[in-house]
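Every chain is named by a letter (A, B, C, D and E) in the order it is written, and numbering of its residues begins at 1.
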């Protein structure tokens, strides 16, 4: 009969009208500023640089300015200048460090490729999404100081991944130390500088 | 001058405006509207005579107006249907050019 | 009665009279778009109207052109992957897959079984959200004040939550890699996916109760925008738009890519090729997708998710060419690559289903009214990111 | 009061006949018709006033506007009035003025009853009885006329078979 | 004659709450010299109507957005004030301070006049509705005719807006508005005729009085509870949806097709006026529907009479308005040719047949005894349902759910 489909439709909307008051499966709205979203662990937004020591982020950046991420970044939003001098890294080895490390977040498309290609686990994805600014040129161009976040912070947003990374780094450090010790013990005729750790497949 | 005089003069004025419009304009729709105005002038007379006439309690004047309005509505409907048919055949509404009955 | 409306035979645009015509009176030229509520983005239709009937329609697009193919030739194979997300931004997972398939053919990589399962799961989830969202948009165009769209988005959010938990991003997933997938599924993810898939038919039933039998909706869509199978095939249409005309062409069956032959599903086909058929085909496809998803989540094997031969950086396939295509939600999405042995493809070409399906828009709309043109456009299912590239 | 009403009725009517823009003419006429309704209301003919609004403002004006839009023509390309048209307009105005003068003179020359008191009261019930009683025959005729007019209008305005919108006629 | 009510109540005519508005009126007019009291009374009525319905409009916009939101599983406006209650205020401020843009090519006078005419005409319709036992702003002998006369001109204003904007979308909307009015004016009036016929009066108070009383004290004698009344009410309701340009008949404003139709070139306060007029029209038509079919201010049961009559009127009014919103949240829009076909080939014949049904009901009023009563109901129901089914089948011919094949 004419109208039965319309009545069925009206019944559906009435059900939803009522359901939105008691059924959480229907009423899924979270009111944002009051209710902060529960981001899943894998959630990603913009990259940040991991510093081992939160107290001295600039001194303990894991980044060695190898510029792989700069090369691989599809929209080319990373800019790195190598340092002139070298600093010891966490394993005590002398490494270059980025004198300038800038990411233009107005260009970055959050693809995570820089994280995947980084052999040093030095760049990771942040979860901060409220990055609006009134200055669209300088406000969105993040420099080294703004990008550096501590390892504890990394643990707080990606706990599983960070634990894995820490374990791997510890293992590498141990391997490097053992190698160094072995090298020292051997006391070969021509002591060579320790080779950098081989590139690791990403997590 | 009594109010009835005024009413009748008003109706005369309306009638003349309608007449002038119907005679002078070449657009079919406006001619139709002029005729409507003339009908309205007649209605006005009916009401005026009913209002100031000798026997207002007899509703003849009002009844006549109702009939006239019905006739005018019918006239408008048919007239405008004619206009649309005219437009469909000739694509313009200039009456002086619509001289043939057969499209 | 209601349907017989203006389903007149389409006019060929050659016989349309000029806009300013002293003898026949004026036609009305309306530029619908690029800022129009129902053009699904920045799309423009130059419409010539007689009353409200369309006598000529010229689609104008390219407002969202971003040089996608040239970008692909100037970046590495991996670097193009996140760009494919942005083609059809509702279906990034299937775009990823089609591109990965092309590169895998070129580089001779074979994804492991578990990765193939994951790809099928994600592709079918994508189909669910694309089709339900599309129907929502279609109903919005029909004048439903957004109710079906909101229902569709409610369910879509749940799927997007899954995507975010897996890939880190809701829409720009960038998930597939050459030779497998980026992140493995966790058991918790599989559980929540299973819950979602099991609940989905209930949502579909409700959706259908709201729309399928609605007399107004049927009157608006049945007999509107009729497409003949011949024209559909000749114009190279694919996807639900093609299947609504009665041509049972589905790459999942025809190409049998991935592990689709293992799954038990059917391909619904329409008989009239009108807007209602295009709507119903999508509803029925969603039901089949639910079937596939249930089987895939049940049989998901353990194992690695990457081809051990695959490496992330420095992919330099041998010189040659490859075409990878899959049945995306909108039709055949294909990537054609020519390698000259360098890290970048020599030629990078996309076959965008929305763009090719859009080519028949004028044939569908002629003789119908403005109101019909809007829903016909809605039923074709275009995403301007993919049309304009 | 009556002068005010006269102004409300006559000025828009005259303006309507003078405008070149048909939509303006139609809308001005609506104003004039509304003035007439006000006159009826003032005369105590409530029912007629409402009927006037309903029929003229509500229906006839719609039909007129619809016809104007359906036969839409570009005002820029309308021919400017030529000499013949001006001559005709002048003749028409003269004729109308002559008719008006004659009728006006006749009215003024006729002694008419002076103003009656309050407007007469005619309830809808009385009117209905009047219509159904004394004028029942006329009512039937009017009904028949309306039906025939409706059918005639439909037949006249209906598209001829085979004619397709937008196609070549 | 119906049996005496079971529950004895105090005389509702004299109840304090019932008379409260009158007392207020008398107090206010008492402040004026006697010669000006009638003027003060009328002005007071106008002011109260304007203020009351303007605030009801504010409330309705909020309610509509809330209800639509909930139907769509959203919260609706909830940021302005507690639970979004100040949203209408914010909207008002926004529209008032917005720049009023008039296109250069527009017909300036008509562009300005259209919203003004629309709102004033929409407001005029409120004058004759009986809001309560003693609350009728203007007692007119031909009130129903007046109401529809005032309402008939509103679409003219819509046309003015569409035409004066010199926008192609607006022009299309103007055409649609005209076609829609011409088509739906007739069924709307025809669905009212049976009520007038049976009540024997064109006065709204008379029509409400004709629906007074209860059978057994619980079943009201509203017109909607008779076969012809139910059919008439549905016809009236559908036509009212179309007359007030509400979904699924919101073609002149069709957002997805014509941007905003006749409102495309309006902004700021003029836009707000259009919005206001739409709600006024809707409210007035619902009020008329309540008066004609739902017993006006009459309580549904005898023992509920202690609640003042105006409360009943507004309860029914809000219920009808809620259904308007519910329908808006559910149904897609018709196409213009379907709209007119629906009016001429379905509503008008049904309304004419319903006239016959009402005549039969009137003629068979004298039938007594259960068998004859049953026969009366059956015949009337058949007269309503039969044509509905037949015409409905003709109307929906060629439109049906389909079954689908699967590729081999």
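Operating definition for what follows: a contact is a pair of C-beta atoms (placed from the backbone, for glycine too) under 8 Å apart; a residue touches a chain by one contact, two chains touch by 3 or more.
Owing to the predicted nature of the structure, the values given are computational and were not obtained by experimental measurement.
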Count of contact steps on the shortest path from chain C to chain E: 1
Pair joined by the larger number of C-beta contacts - B-D, A-C: B-D
By mean Cα position, the chain sitting nearest the middle: E
Most remote chain, CA-based centroid, reference being chain A: B
Between chain B and chain D, centroid-to-centroid distance (C-alpha), Å: 5
CA centroid of chain A to CA centroid of chain D, Å: 79
Rounded Å distance between chain A and chain C, as computed from the means of their C-alpha atoms: 32
Gap in Å, rounded to a whole number, between the CA centres of chain E and chain A: 60
Sites on chain E at which at least two other chains make contact: 71-74, 171, 175, 329-331, 395-396
Per-residue multi-chain contacts in chain A, two or more chains: 2-3, 6, 9, 12-13, 16, 26, 28
Chain C residues counted as touching two or more neighbouring chains: 22, 24-25, 51, 147, 151, 154, 210, 212-218
Complex interface listing, chain B residues touching chain D: 1-10, 12-27, 29-30, 32-34, 36-37, 40, 43-44, 47-48, 50-54, 56-60, 62-63, 65-67, 69-78, 80-85, 87-88, 92-93
Residues of chain E that touch chain D when the two form their complex: 110, 140-142, 145-146, 148-150, 152-153, 155-156, 159-160, 163, 171, 174-175, 178-179, 181-182, 185, 201-203
Partner chain B, residues of chain D touching it in the complex: 2-3, 5-6, 9-10, 13-14, 16-17, 22, 25-26, 29, 32-33, 36, 39-40, 43-45, 47-48, 51-52, 55-56, 59-60, 63-64, 66-68, 70-71, 73, 85, 88-89, 91-93, 95-97, 99-100, 103-104, 107-108, 112-116, 119-120, 122, 126-127, 130-131, 134-135, 138, 142, 145-146, 149-150, 152-154, 156-157, 159-160, 169
Residue ranges of chain D touching chain E (in the complex, touch as defined): 23, 27, 30, 34, 37, 46-47, 50-51, 53-54, 57-59, 61-63, 65-66, 69, 123-125
Contact set on chain E toward chain C in their complex: 68, 71-74, 168-169, 171-172, 175, 247-248, 250, 254-259, 328-338, 341-342, 345, 394-402, 404-408
